[in-house]
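Per-chain numbering from 1; labels A, B, C and D assigned in written order.
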Amino acid sequence: MTPLSRSQMAWRAAQDIDNGWYVNLGIGLPTLVSDHIPPGREIVFHSENGLLGMGPKPQPHEVDTDLINAGKGLTTLITGGSFFHHADAFLMIRGGHLDLSIMGAFEVSEAGDLANWTTEDPSFPPGVGGAMDLAVGARRVRVLLEHTTKDGKPRIKVKCDYPLTAAHCVSRIYTNLAVIDVTPEGLIVREIVEGLSFDELQQKTGARLTLANDWAPLVPKLASTATH
Amino acid sequence: MTPLSRSQMAWRAAQDIDNGWYVNLGIGLPTLVSDHIPPGREIVFHSENGLLGMGPKPQPHEVDTDLINAGKGLTTLITGGSFFHHADAFLMIRGGHLDLSIMGAFEVSEAGDLANWTTEDPSFPPGVGGAMDLAVGARRVRVLLEHTTKDGKPRIKVKCDYPLTAAHCVSRIYTNLAVIDVTPEGLIVREIVEGLSFDELQQKTGARLTLANDWAPLVPKLASTATH
Amino acid sequence: MIDKQVDSIAAALAGIRDGATILSAGFGAVGAPDELMDGLLEMGVGDLVVVSNNAGSGKRGLAALIDAGRVRKVICSFPRTDDPRAFDAAYKAGRIELELVPQGIISERMRCAAAGLGGFYSPVGVGTKLAHGKEVREIDGKSYVFEKPLRGDVALLRAHRADRWGNLAYRKSARNFNPVMAMAAELTVVQAKELVALGDIDPECVHTPGIFVDRVVVV
Amino acid sequence: MIDKQVDSIAAALAGIRDGATILSAGFGAVGAPDELMDGLLEMGVGDLVVVSNNAGSGKRGLAALIDAGRVRKVICSFPRTDDPRAFDAAYKAGRIELELVPQGIISERMRCAAAGLGGFYSPVGVGTKLAHGKEVREIDGKSYVFEKPLRGDVALLRAHRADRWGNLAYRKSARNFNPVMAMAAELTVVQAKELVALGDIDPECVHTPGIFVDRVVVV
C-alpha cells in the first residue's frame, strides 16, 4: 500500500472541481490544487486579500511586489481577473458566492466539524486569518489532510479535540489514504488507495466509516514522485 | 416687510457652507443653494444616487442621459468627482461623512424634529426616498422652508403634527423671514428680515423663540426678482 | 470555458417562476433593465414581489407588469416617479401591496443578504412610522432598529459593458443599485449594451466581478 | 480651494494622541503605510491600540512601535506573519494585549462603523472560542453572533495615486484593507506614491472617494 503524496492528494481534489467554479484554496497543501486542474476546465481562483482570477506564481519577468496571495507569496492575475477590497473579498466568502473552499485541517469530525486554526500551543500567539469565514461561508468546504498524525493517531474523529473553526461545514475529506464524504448518514468512503482494506482504513480512523456500494480504488494518475 | 424669495432663501443658506464641505442638497428648493456658493469656496456636492462632485445642469452639448441627480434631472460631474453605487452612497450619508444636508420641510419642532416625508394625503401612496437616511446621518441638518403655510399657520412648532422623518436632527432653520438655530436652550433667532419685529415673528411661530443678543437683520444680497 | 452570454431575452429569463422576488435595478429610468422587465411580461410570470427604488413609470417595464396584474407587492423607497399611473391605479384599487423602506436601508438590506449576515442595527427611522413593529435596541447610548437581510430570487441589471465571465462596468449614475442587487440574488441576469473581450475591462475598474453574475444578454 | 496635501510625515500625523486607536492598512507588507508608522514612532505617541491584519514584521513599522512599548493592544486576525519577533516577544512577556478577530469580521466591523450602523449578526465563529462572551441569536433557523462596529481615531493608508481632493487609487492587491479603513476613522491619513492632477483618476475608477480622506503626503 502506497499512500498518496501531497501532490497526488492535491491532484485528487482537483478532479472534483467543475468548469466555471469560483474556488478559494487555503494556505499550504491546498494551494497545490491549482496545478492539477484537468484540461478544458476554466476555474476562477479567489484570494481573500482581494483577487479573483488568481494565476500561477510569476515568472521572473512578471514579478510585481504589489501582487500577492493570501499566503503572502507572489502571484499573478489571469485575463478576466479583478481586484477589490477586503470587505468585498469577505462578502464573497461569507455570502455563499464561492462554489468551493479547500482547506487544510488538523482534525475533522464525523459531523463535518472542522478544527484547523489552533492547536493551542502556548509557545506562540494564536492566529485565525480567514479560516472561520471560509468554513462558514463557502457553498462547499472540502479538506485535505494526512489520514493520521505523525505518530499514527487518527485525525478523523467522532469529535474534534482541537478548538473548532466551524461546526458542520465539511462535506468531503481527501486524505493520503481515501476519499470520504460527510453525510447525514455519517462518513461514507468513496475511494481507498490500492492495497489497503476497508478494515485497515477503519482502524486508522477515529469515527465509524461506511463503505459506499459504488466505492472505487483511489488511483492517482500522477506519479508519486511529482513534487512541487 | 419683504419676505425672502426662494432664491434669496437658497442664497442665505449658501453663505453658511464652508470651503471643502461635502454637502447633499434635497430635492426642490435646496437644489437652488448650489447656485449661490460664495466665490472662492470649493464645495463637493453629493447625490444619493452615486455621485460626488455634482455640477450644474448640463449645457445642451453636455447632456448625458446616464447622468442624473437625486431628483432625476440631468446633471454634470465636475473635475475631481466620482461615481459609486447606492450602498456606498448611503454609507456616506448614514456614517456621518457628509458635513451638511440641506432639506426642505413641512414642519420642524423646537427640539429639531423634522417632518418632511409625508402629509398622509390618502389620494396617493407615500414615498420616503432618502430623507430619513439624510436626516439621521449627516453631520449637520439644516432646513429651508416657508415660515408659515399658505393660510398663515406656523410650520415651526412645539411638536410636529405630520409624521416624523427623524427626531432631534435639525440644527438650523432658514425661512423666508428668519434664520433660527435649534439649541439645547430652545430656538434662538439669529436674523430677522428688515421691517419685521421679533414679536411679529413670534406670532407667526408655533414655539417659543429667543432673540440672540447678537442678532442681525436678514438682508439678502441678491435681488428678490432673481428666479431660477 | 466559462461563457455566461445567452442569445436571447427569453434564455436570459428562463426558469423564473411565479411568486419570485425580483430585484430590479435602476434609479428612475437610468440603469434600469427595461428589456428584461419587458421580457418578464412576455414570459407570463405573475405573483411577483419586485424590489426597486421606484414603482414604475409610464407604460413599460415595471409599470407594464403592474398594469397586467403580475405584481403582488413592491418594496421601494419612492413609488411615485415620473408618470406613476400604473402603480397609483393598482394601489388605489388595493391590487398591490407596498413596503416602503428608506432608500439607504433597501440597499443596505440587500448588501446584508449578499454578505451572508443575519441582520443589522440601523439608526434610520427610529421613532418614525416606518419603524413600527420593528425591534428597537439601544447600543452605546443610541437607539437603533433591527433590519433584516433582503434577498432576491432574481436580480435584473443593466450594464454598459460585460465580458464572458460576467465582469461588468456601468456608466456614470447608471451604476446606482446595480452592483448591490447583483450580489443579493440567487440568479443574476444582466442586459449589457456591449459584450467585450475578456480583459478589456481594466481589472482595477471592474464594478461587478463576474462571481456575482449568471447570465448576460446583449441588448 | 480644497487641498489635502501636506508636506511632511510630521504634518500628516499632527494631532494624533496617546491612547489613540490606529487603523493600519496593508496585508503583510503590501499596501502598508510604513513611513507613516515610522513617523508615529518618531513623534513619540504611546498606549496605542492598533487594528491591522497582522502584528508587524521585522524591525520597522508596527514591529518597531511594539518593540518600543508604544502599543497597548493589537486587534488582528493573524498576528504572526513573516518574522513576527517583535509581537512574539511582547506577547510572551505579557506586555501586549491581543484581540483575535476573523479576517472578514475585522473588515466588516470597520465597514459597519463606517456605515453608521450599530452592529450586525454574523455566522462566523458561532460555537467557537472566538465567540465566547458574545451574544448569540437565532434568525430564521440559523445561529449568529452579534458583532459591534470597530472605529478608529486614525486610519493610516498607503495609496498609489492621490489628488488634492484625496481621491485615491491603489495598485493590485495593495488595495486590501485600505478602502475599508479609509471610511472607518475620524482622521484618515494617506501616504501616496504620486500626487496627480484633479481629474487624472477616472471618475469611474476612484477606489476611495476623497470624502473619506483628510490628509495626503507624498512618500
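Going forward, contacts are C-beta pairs under 8 Å (C-beta built on N, C-alpha and C of every residue); 3 or more make two chains touch, one makes a residue touch a chain.
Source: prediction; values computed, not measured.
S.K.: In contact with subunit B and with subunit D at once: which chains are those? Just list them.
M.R.: Intersection of subunit B and subunit D contact lists gives C.
S.K.: In terms of C-beta pairs in contact, which of A-C and B-C ranks higher?
M.R.: B-C
S.K.: If every chain is reduced to the average of its C-alpha atoms, which one ends up farthest from subunit B?
M.R.: A
S.K.: Centroid of subunit A to centroid of subunit C, CA atoms only: how many Å?
M.R.: 35
S.K.: Just give me the whole-number Å value for how far the CA centre of subunit A lies from that of subunit D.
M.R.: Once rounded, the distance between the two centres reads 30 Å.
S.K.: Roughly how far is subunit C from subunit D, going centre to centre by Cα mean, in whole Å?
M.R.: 33
S.K.: Among the residues of subunit C, which ones contact at least 2 other chains?
M.R.: In subunit C, 108, 111, 115-117, 122-123, 170-172, 203-204, 207 touch at least two other chains.
S.K.: Residues of subunit A that contact two or more other chains, please.
M.R.: In subunit A, the residues touching two or more other chains are 77, 83-84, 90, 94, 136-137.
S.K.: Is the way these chains touch best called a line, a ring, a star, complete, or other?
M.R.: Contact map by chain: other.
S.K.: If we use the touch criterion from the header, which chain pairs count as touching?
M.R.: A-C, A-D, B-C, B-D, C-D
S.K.: If we count contacts the way the header does, which residues on subunit D are in touch with subunit C in the complex?
M.R.: 108, 112, 115-123, 137, 139-140, 142, 144, 148, 169-172, 202-205, 207
S.K.: Would you mind writing out the residues of subunit A in touch with subunit C in their complex?
M.R.: 19-20, 22, 40, 42, 44, 46, 52-53, 77, 79-84, 90-92, 94-98, 136-137
S.K.: Which subunit D residues qualify as touching subunit B in the complex?
M.R.: 1-2, 111, 113-117, 163-165, 167, 183, 198-199, 201, 203-204, 206, 209-212
S.K.: If you look only at subunit A, which of its residues touch subunit D in the complex?
M.R.: 47-51, 64-69, 72, 77, 83-87, 89-90, 93-94, 124-133, 136-137, 163-167
S.K.: Under the touch definition given earlier, write down the residues of subunit D that touch subunit A in their complex.
M.R.: 27-31, 55, 77-82, 87-88, 91, 98, 100-105, 107-108, 110-111, 122-130, 170-180, 207
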